[in-house]
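Per-chain numbering from 1; labels A, B, C and D assigned in written order.
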Amino acid sequence: MAIKKILALTGIRSEYYILYPVINALRKDEQFDVRVVVSGAHLSDWHGLTLREIEADGFHVVDKIDSQLMTNRTTQRVKGVGMLTYALAQTVEREKPDVIFVVGDREESIAAALVGNYMDVAVAHLGGGDPVYGNADDPIRFAVSKLAHIHFTLADAYAKNLQRVGEEEFRIFNVGDPALDTIRTTPARSLSEISNILKFDITDGHYVVFIRNPLSSEWQDAGRQMHINLQALERFSKESGYKVVAIHPNTDPGAHDIVEAIQSYKDKPFIKFYKNLEREIFVNVMRHARALVGNSSMGLLEAPFYKLPVVNVGNRQQGRLNAGNVEFVPDDLQSITQAIHKACTDEEYRAKVAELKNPFGNGYTSEKIRDVLRSIDLSDKQWLIKKNLVGIS
Amino acid sequence: MAIKKILALTGIRSEYYILYPVINALRKDEQFDVRVVVSGAHLSDWHGLTLREIEADGFHVVDKIDSQLMTNRTTQRVKGVGMLTYALAQTVEREKPDVIFVVGDREESIAAALVGNYMDVAVAHLGGGDPVYGNADDPIRFAVSKLAHIHFTLADAYAKNLQRVGEEEFRIFNVGDPALDTIRTTPARSLSEISNILKFDITDGHYVVFIRNPLSSEWQDAGRQMHINLQALERFSKESGYKVVAIHPNTDPGAHDIVEAIQSYKDKPFIKFYKNLEREIFVNVMRHARALVGNSSMGLLEAPFYKLPVVNVGNRQQGRLNAGNVEFVPDDLQSITQAIHKACTDEEYRAKVAELKNPFGNGYTSEKIRDVLRSIDLSDKQWLIKKNLVGIS
Amino acid sequence: MAIKKILALTGIRSEYYILYPVINALRKDEQFDVRVVVSGAHLSDWHGLTLREIEADGFHVVDKIDSQLMTNRTTQRVKGVGMLTYALAQTVEREKPDVIFVVGDREESIAAALVGNYMDVAVAHLGGGDPVYGNADDPIRFAVSKLAHIHFTLADAYAKNLQRVGEEEFRIFNVGDPALDTIRTTPARSLSEISNILKFDITDGHYVVFIRNPLSSEWQDAGRQMHINLQALERFSKESGYKVVAIHPNTDPGAHDIVEAIQSYKDKPFIKFYKNLEREIFVNVMRHARALVGNSSMGLLEAPFYKLPVVNVGNRQQGRLNAGNVEFVPDDLQSITQAIHKACTDEEYRAKVAELKNPFGNGYTSEKIRDVLRSIDLSDKQWLIKKNLVGIS
Amino acid sequence: MAIKKILALTGIRSEYYILYPVINALRKDEQFDVRVVVSGAHLSDWHGLTLREIEADGFHVVDKIDSQLMTNRTTQRVKGVGMLTYALAQTVEREKPDVIFVVGDREESIAAALVGNYMDVAVAHLGGGDPVYGNADDPIRFAVSKLAHIHFTLADAYAKNLQRVGEEEFRIFNVGDPALDTIRTTPARSLSEISNILKFDITDGHYVVFIRNPLSSEWQDAGRQMHINLQALERFSKESGYKVVAIHPNTDPGAHDIVEAIQSYKDKPFIKFYKNLEREIFVNVMRHARALVGNSSMGLLEAPFYKLPVVNVGNRQQGRLNAGNVEFVPDDLQSITQAIHKACTDEEYRAKVAELKNPFGNGYTSEKIRDVLRSIDLSDKQWLIKKNLVGIS
């Protein structure tokens, strides 16, 4: 069988962590020639220049597309989509991939879908059908699904959602979340090892992880909300003696104000902020944590695999499939503090979380995606021409 | 009530003819401040520089965005989307419209939808839910629907399709095709007047109209197919004495080859080619024609209003709602010729066409759109936040 | 006489401070209609979002052009030129200015010059003929001069340089540095007032000002060099009791590493860092300072007006006209420390500096520019067609 | 010695004909790795899609950059510069060339110079120092020279001009025009062979070649002027029996109107228009022609090598070095006709032309460029840092 050329597009650390196990599995299979386009926050020194991580992982980076504008205005992301789309077309024309592979709902996903649609290249999209709402990303995710040719979903419920919005069943493959593959295979590290690496003493295991990203429909409020979250964490810490391992936000409008809010807390001993943690370290931080706080999608998608209680603060992640480990609370000092206490110390609640069934796969997602991509015969015109745009009734 | 600022985006003659009656109705209403962004083929001298027509119509053009690249490669349209998206964001930030209004399924529609989505401006989209397939435009149309906030559909069946793909009912308004408003209100011209204007004698009414655009999934075949169509028209003309009023194609990849094919026919007396016909003239040409041949969407969307038989050649327009006036034939000399004979001279068939019910409204669509846009209260958050992306089950 | 429409383009704080007095003088004259395009670092929250300052100054901002990419790679600035050029053409076509006015040698200057050249709009450029070298900006400055139609120079020697590189004499007007107009007219503030505003006690006047920007030919060394500078300042402070008022760098590649270097010094009591200081405050800080240290162009262009000794560290500003107040030293701990001591305390040297003649005008530059722009008759073709590109021999 | 990686940029047929012999010589030398970026009109089917020719020549095309917008407005070229600059930076970052090689004064030249300047890559520019004026290209040519690091000039007078505008002598190499290399080495074809290929009987050698491009400062007049030129050629043909081999214009604003003007002459037997002629054919057409008419730069740069009399009509090429074979006439029916008569039949004048000395080299330019590029040691910082921007006095 002819080798399939896969062009993967990645724009930000959080999404690369989902993409990595997939393209890593593909490149180990001689049927695939994997190439990578790096864009967005990966190229930003203000976000840890994670390009270096991708290069260290040994991937063949065929183009670096600058699409991250340095502003907090709402023009930022959509102009980024424009630049990315214009530039990616140049790459695709040169590389002539069989499949463009893209994850999620950010600028890269819609740019890849547009390029594939107009240039007649199959687009494989991981992460469709997720009904979360409130973010500019969410309608994008569904727009991408209407354009993409091969759908990989994280959960069975999401696969069904894709059928509901008119995608043909033969295009849809429920495979689970490849981020779990990484978690499954990451070597264990003891709490004292981690404490050394973090330069932060959490050897007693009394800590929570905190990640807060802006929500696009409320981005102008991001700074104020962050302050409330940090106050709640401080109060909780005073009451319980717990510490907080905190991760910097992504690059969306509002992120700048979140980083500003961090400034007044960065020297307090109860909390320590990290721009980036290596995957291996981060997974072990999560394994030993008592809870995850904030509004990261990991709370819904990955925490169930760790059996980790989550306090999701604010309107981000609303509408998303929830395995039962997540408590949603508003941006309110009292509510947040209470919920963290419950997540960390209510043993009955914790026992219930520990028994929940994880709907996002079993940590063997990459192999499933590889097998699907091997089996598909792209010379069959059905893949590229979407005949039943409203589904088959 | 506060005045609503409407920013309409238009990129090509065919789409402007649909847009015109709407924005004309809106500007006559003092509740609206209408501004226009002109892009794409409108700015191309190779396509008649229809910018002049928009200016002559007296609209306030607030920016001209160059997005039409001079190439026949498949990079053309998607790079155009990129440039348009980048540049339109600048216009929208300056103009601060309440509503971005856009028609159809071309580059302008997806660029407008992206800008509205990321910049929190309501996007009103006319033309969603149409299940035609085979063109790069078709998945775009559905992607736009997943991003847009207010849907105006051309037919009731299309409104239902939007619900099927998960759009909330309160966003969907079936209004019909505003192109019919123009047809309804265009003053009559006699065949001899038209013949004078066209410099082509069709006073006996024995003529068909021919429009052929490239289909993106078959664009490399566009030149060859055009030759077959022209041969068929020539044979039909020889057999019947009919003449052919032919219109140049749009700007998509393949169009260049269609224009090349025209060269060898342009001096033949049975046919005359026009780069552009003024609306008023074109409507009267259609009124008196015996049939429409080719693959223009007008065959499905407007011809029913004229009670005009249509021969749709090839795979373009497949899957689209058909009022019963359209015969689909392949790109085959014999089939095309036969179908044109039937459309022009089979009186039984023509009588049946004359009785068909037109599903695309009654020529009062603009007023309906105006009334909807007047009544909507955009301060209600429900318009901008799409909560039920898979529909309400 | 018809009103002249002036479109000024500004991209960064340092350059806006030079532009401001000019466009302020123009808008007070009813013969001019002044409009402003804001781009680059002005739109970056990471650089103080100085857009707000321009808006507070009451200018009519007609477009905001995002051109600042968030990366430290060398693609940053040149891709910015690309985006700016593409987008500015759209603005110029809409605004139809009589003159595009631009200052200096950054991305905005070359983009404006290109747009004016290809679109037949007169470009007035302030700041040509300056022979400094070593930065990517320097060849740009001369390229702009070859494209621009009206030259305003900061010093007579620079006007002569423009003639040497072939610019016609009638296009060249030596007017001085408009930044001096602002210095001249800024109300005085006492040291105790300033100390309050800065939240930094410098009431005894024992302080230096420090500004360090990256040099593009050495940008990969910017962080290391900054560390040496900060060490030297700390040693000097220990030895003398002086304090340091430090300003953040601009946005060029390398700036990120300079900001990184700042982190380890930001909590030391001898120094305080400011992202931005209001003009009025900054001028008074400079008035009372004992010396300016670093590599800012202000050391050469503005410090003579203050009679301020300058220690210019490293290769930036090499080749530039020097009024005699500047000592050039390499990035070497010992040399820097010694030179600061001399600048602050060698009274003989300070007396010599206080007597130097300032070659950059007398603080009435804006009026001169206004008068030139009033007097020029742009309908005379000589302005737009540069006939003698190698000068008149 | 390490292999030097050369990245050549080409945008249009006329410029490629100058570039071709150089990169052909370089690739035959194992010290060079030659790669090509194709942009602009090469990618346009409306201009003969000369990309195919470059590919047929066997060059390694590493990116195709769309920069040719389909409009006749003055935004066309400058937006093209913007897109080209943005996209070329991506290519250069990936390819990491030692030298960017570019010819002439079009969009490609300034984009390459900007990218090289900001990204610290040496730019070798062929064609600087030429004092022609009146076109938007002319100031661009000088701006490119101020940015480029290695200058190859077509004539000794041009080398001297570069020194006059402040370029350092060590950067300047007078090598002549490589287009002459092609002319020198093109195999001879008889007039009857050519007539067959052209499908136009010029076996008696009684014909002139006609090429007319728009002049940017007069582009709105391009159509009207073209009509006068065609009238003059028709009158001359009637009076003399001569024929005209005519070539389509380039892509600049105004070109569209020139093509429009062609329409009314394209079926007349005295003239035949060609969109493109293969180099080999074109050279032989020129060899046998009696004169060149129009305003192509070939009249000044290449015609002397053929000893061919030239009638240069209008203001294009004003100021350019003239070997004595060119008569400049205004766009006036009488003047043009007379001048063509003189050029074709005044044997005294023709004898004088035949004896003129050609200042543009001897047809061995490519070898000279190759030898210079071999000998240069780019690790010497003098090449990249332009220290003496106003020349060494």
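As a working rule, contacts are C-beta pairs under 8 Å (C-beta built on N, C-alpha and C of every residue); 3 or more make two chains touch, one makes a residue touch a chain.
In this text the structure is predicted, and so the values were computed from the model without any measurement.
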Contact-richer chain pair (by C-beta pairs counted) among C-D and B-D: C-D
Farthest chain (mean CA position) relative to subunit A: D
Intercentroid distance (Cα basis), subunit D paired with subunit B, Å: 42
Chain centre separation in whole Å, for subunit D relative to subunit A (CA means): 52
Distance between chain centroids, defined by C-alpha means - subunit C, subunit D (Å): 39
Residues of subunit B whose C-beta touches two or more other chains: 64, 66, 73, 75, 79, 83, 86-87, 90, 93
Complex contact set, residues of subunit C against subunit D: 73-75, 77-79, 81-87, 89-90, 93, 110-111, 113-115, 117-120, 129, 131, 133-134, 136, 138-147, 161, 164-166, 216-217, 319, 384-391, 393
Residues on subunit A engaged by subunit D in the complex (per definition of touch): 62-66, 83, 86-87, 90, 93-94
List of subunit C residues in touch with subunit A within their complex: 41, 43-47, 49, 64, 66, 68-73, 75-76, 79, 83, 251, 256
